[in-house]
Amino acid sequence: MSPVAFCGLELAHPVLNGSGTFDAIAARRVFGDALLAAFPFSAFVSKTITLAPRDGNPPPRLWEAAAGMLNSIGLPNKGLQRYLAEDLPQLAQLPVPLVTNVMGANAAELCALVEACDARGEIAALELNVSCPNVATGLDLGADPASLAPVLREVRPLTRKPLIVKLTPNTADVARVAQAAEAEGADAVSLINTLRGMAAHPDGSGRPWLGGGRGGLSGPALRPVALAQVAAVAERVAIPIVGMGGIQTAAHARQFLAAGATLVAVGTESFRDPTVAGRLGLALADLAAQSGTAAP
Amino acid sequence: MSPVAFCGLELAHPVLNGSGTFDAIAARRVFGDALLAAFPFSAFVSKTITLAPRDGNPPPRLWEAAAGMLNSIGLPNKGLQRYLAEDLPQLAQLPVPLVTNVMGANAAELCALVEACDARGEIAALELNVSCPNVATGLDLGADPASLAPVLREVRPLTRKPLIVKLTPNTADVARVAQAAEAEGADAVSLINTLRGMAAHPDGSGRPWLGGGRGGLSGPALRPVALAQVAAVAERVAIPIVGMGGIQTAAHARQFLAAGATLVAVGTESFRDPTVAGRLGLALADLAAQSGTAAP
Amino acid sequence: MSADRTLAPFGRRRAVVVSERRVGAYSILELADRDGPAPQPGQFYMLAAGAGWGAGEDERPFLPRAFSAMGGAGGTLWFMLETVGPGTRRLATLRKGEAVWALGPLGRPFARPEDGRRALLCGGGIGLPPLVFLSGALRDAGLDAVLQLGFRDAAHAQVAAGFAGAQLATDDGSVGHHGLVTDLLAAELDADPHAVVYACGPPGMLEAVRRLCVARDVPGRLALEAGMACGYGACFGCVVPLAGGGYARVCVDGPVMEAAALAEIPAA
Amino acid sequence: MSADRTLAPFGRRRAVVVSERRVGAYSILELADRDGPAPQPGQFYMLAAGAGWGAGEDERPFLPRAFSAMGGAGGTLWFMLETVGPGTRRLATLRKGEAVWALGPLGRPFARPEDGRRALLCGGGIGLPPLVFLSGALRDAGLDAVLQLGFRDAAHAQVAAGFAGAQLATDDGSVGHHGLVTDLLAAELDADPHAVVYACGPPGMLEAVRRLCVARDVPGRLALEAGMACGYGACFGCVVPLAGGGYARVCVDGPVMEAAALAEIPAA
């Protein structure tokens, strides 16, 4: 297969998973080692890890929308220490590089997360989630260049691993935020995260369906929004872009690549079809090699 | 039918049209006076009117999306003078009050529009479009409370007619903008306008399909986003809200009313079914009277 | 036939599929529309399947689709469809008895030939339905019409077998004239320029007809296509550029437009 | 039967509808799944129609839906469906020969009865399929099982006619015991507490079973339901609260969970 270059990593094809939309450890329990033999993604992005463990939001956590879904998962995770101790050894068995996605409520937390991850050889790159719509802090941080920049200034020097900033789509001008990330030394940006949304309880009471109240919209419904944001960011930054949001087919992925993305990620569509990303990867590997969309 | 009170108007039911999604004059050419006999909306909202005439964007102007559509219409209209001279007399024949939607590139333009409309008795209320994603000025104005407030401060004193501010959804915190509108004397806010989106040409070239480049997403795909924004605004302002975005059924409309809207508007669904809003109005009229969602 | 549009009842109606059959590359769809008025040649309907609309590629179709009436009388409507995407695919798999949402008749029909001019009807591919409808209406009105139809190949031309006396052209020469249907039109205009042209077809073909008409100062009535969301003037999406600048909405100002009123017709 | 899960092949497969029939208020769907392994009682599949998925109310279904295997052997799978929304509605209108996307078998199956305990199988409504599957497997293993099934009314109970020897209860008393199926369960536990309970049904019923088991210190294995997007642990959407705090994913840690491990089961 034709390798795709991304921030110094050599990837077999340009298709990743969206953070939080594939649990390689759980999938191995379900599918066995067949998962490793046909691993669909060219790098594996972990679910968002936080400093302290989190249970996540009360159920229901899911709502099916028109051509998409809302989730209010609430970033459940074991916390940094148990992630490093328990999950990393298992994730190291995957046949692809590992990207660890982290979120902190403030600069100090993010620094602690990034420093700890920097020390671990199993981790090939870091993704900073400054965009999760379910947790107030993540939202505020990434919606405004002025609040993002000082945080990145503290975090960036703490690792030489590639640093990807995952942007929030819930902002007036995502390209300005991307420019701030580039200026502060981000190696790449990824977008889009889910759009803030809400579902009413079908009992007609007016209360929200989701246990967490608001949720995040993903899937084909938001693909036009994602494509517009990727194109807007590509016009304004030179660093590589991981484009995502509603990608279902190789044609969709090509649209994101043509709009300026170097890599793409599949999230929601993997829920419907767990091997779809591998087929897209196969279809896109040659294209990526030919067109030289690969960034240095 | 049970009247719904909205900014001093008595409406037969709580369902309007979204601005730019129903042309009552064209519809009368197509359907004849049957349109008047079964007019679906309890007030008619005009397409956005600008000071100078506009041709609008080059075609193609439409893209069908998953459970929705993108448009890049570009606000074609006759300009204020011809609207007042040619259209108003025809719109005055409608059996419902008329809301005129206007957009200006700056405060001076908006003032001229509002003053001229204030002088016309055919117009029951004004809606300020500070949210159209297709024209740079409209976007910038409504995305930021700091740019919206001074404009409203100039415009508000120029009319005693109800002033509705139509908010843009393409912003980090729509409730803050709504609060600014309320503080500057808006009588109501309406939301959501279309989400910024883009479609790639199916020829795979990567160029945008729409003649205007970017477009605006509407329809069921964005309903969860619309509902979340309406709920967020309702938590922070006391003035009435016109809620819209992907409404197709009476159940959807009820969700918006339960989230805090006083009225709802139907846009894209009228393209699929031109009489749908009338059926929703019938279904909702009693509900509105009972529950007292009607604002003073 | 008259130049005024037949008004559409306000509201979409549930029509029922009477028959659906394939003829070569096309499908012929016959609908029972008991409560609807008869359309005029040039008018169209917005159609959507009564069920299963929205589960095709890319989660489409979502909006209804525009189709020219190929005929309509006594509560029955005929359409001819080419399968090009999820909407036409769904409509072409409907079975007898299934429901179709229909809004129409919509748009301005073809105006009658004036000044005793001979009617030249020139259609390309899926542009055939309104012209076939028109040629029948002219015949019923005791007027003569030349019907010229162009197709890609024999599979597409197969549908023309039903229309006796039509002049045919195919791109691959497998049936009739080897070349463009506009060659046939130019020849008729050479022979007798006291004519009025009625045309429907793909944008490139309509642009050629428009140029022919303008160059020779012959009245030309072109039935246009454009992507449509509503079909009744609500969305301002379906525009074509006008000779004098600006745009017209194909659904309410057309679909039949005078050649002289139009600027260059944009490629699809 | 074993306590270990049967692994799912990695990837959804195109299964084919062998038959679809209505029994009272339910549908029985039989699929040919030639390439798939046989499931164990308690395991489930994520199913979606091969075509026409996405055109129901509110433009749904979009995601696949979870269904317990009611049986599976020799490349054939059985399911029982209750029509409650767009997904089950679409699946219940499939015809012989049509395709279904199937991912599975998924989840942890029922563990065998331990210590010579008697198996009490207690199902409510659409909770019946995994218990019917289990009762057959226990019988095949030479073990005894009591099958207790509760239904709303006679129309729903009709499906139980196929399962000889089942104790029945209905809410309206039209068939069997007039009352809750958990009354039957309590009576069996009163009679002989050396038992293990297997249960599946609506949340309120499962919560009652959970309390019974915890109160009497009897092992209970509950096959849970939860809204699911993926079925294989990817989305973290399908959680239930645990007795010790925190949540477990029903799709990978369940659907069969020990009663003692669970906190109060939330209402739907």
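By letter and in written order, the chains are A, B, C and D; residue numbering begins at 1 in each of them.
By our rule, contacts are C-beta pairs under 8 Å (C-beta built on N, C-alpha and C of every residue); 3 or more make two chains touch, one makes a residue touch a chain.
Everything numeric here is computed off the predicted structure, so don't read it as measured data.
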{"item": "Any chain in contact with chain B as well as chain C", "value": "A, D"}
{"item": "Most widely separated chain from chain C, with each centre as the mean of CA atoms", "value": "D"}
{"item": "Of A-D and B-D, pair with higher C-beta contact tally", "value": "A-D"}
{"item": "Geometric centre distance via CA averages, chain D-chain A, whole Å", "value": "34"}
{"item": "Rounded Å distance between chain B and chain D, as computed from the means of their C-alpha atoms", "value": "48"}
{"item": "Euclidean distance of C-alpha centroids - chain C vs chain D, Å", "value": "54"}
{"item": "Junction residues of chain D, two or more chains touched", "value": "54, 58-59, 62"}
{"item": "Multi-partner residues of chain B (each touching 2 or more other chains)", "value": "63, 65-68, 220"}
{"item": "Arrangement of touching chains [line / ring / star / complete / other]", "value": "complete"}
{"item": "Interface residues, chain A side, partner chain D - complex", "value": "20-23, 26-27, 29-32, 34-35, 38, 47, 55-56, 58-69, 71, 73, 76, 219, 268, 270-275"}
{"item": "Residues of chain D that touch chain B when the two form their complex", "value": "58-59"}
{"item": "Chain D-touching residues of chain B, taken from the complex the two chains share", "value": "67, 220, 248-249"}
{"item": "Chain A residues touching chain B - in the complex, by the definition given at the top", "value": "63, 65-68, 70, 143-144, 170-173, 195-200, 204-206, 208, 214-215, 217, 220-225, 227-229, 231, 246, 251, 254-255, 258-259"}
{"item": "Chain D to chain A touching residues, read off their complex", "value": "5, 7-12, 48, 54, 58-64, 101, 103, 106, 226-230, 232-241, 245-247, 249, 252, 266"}
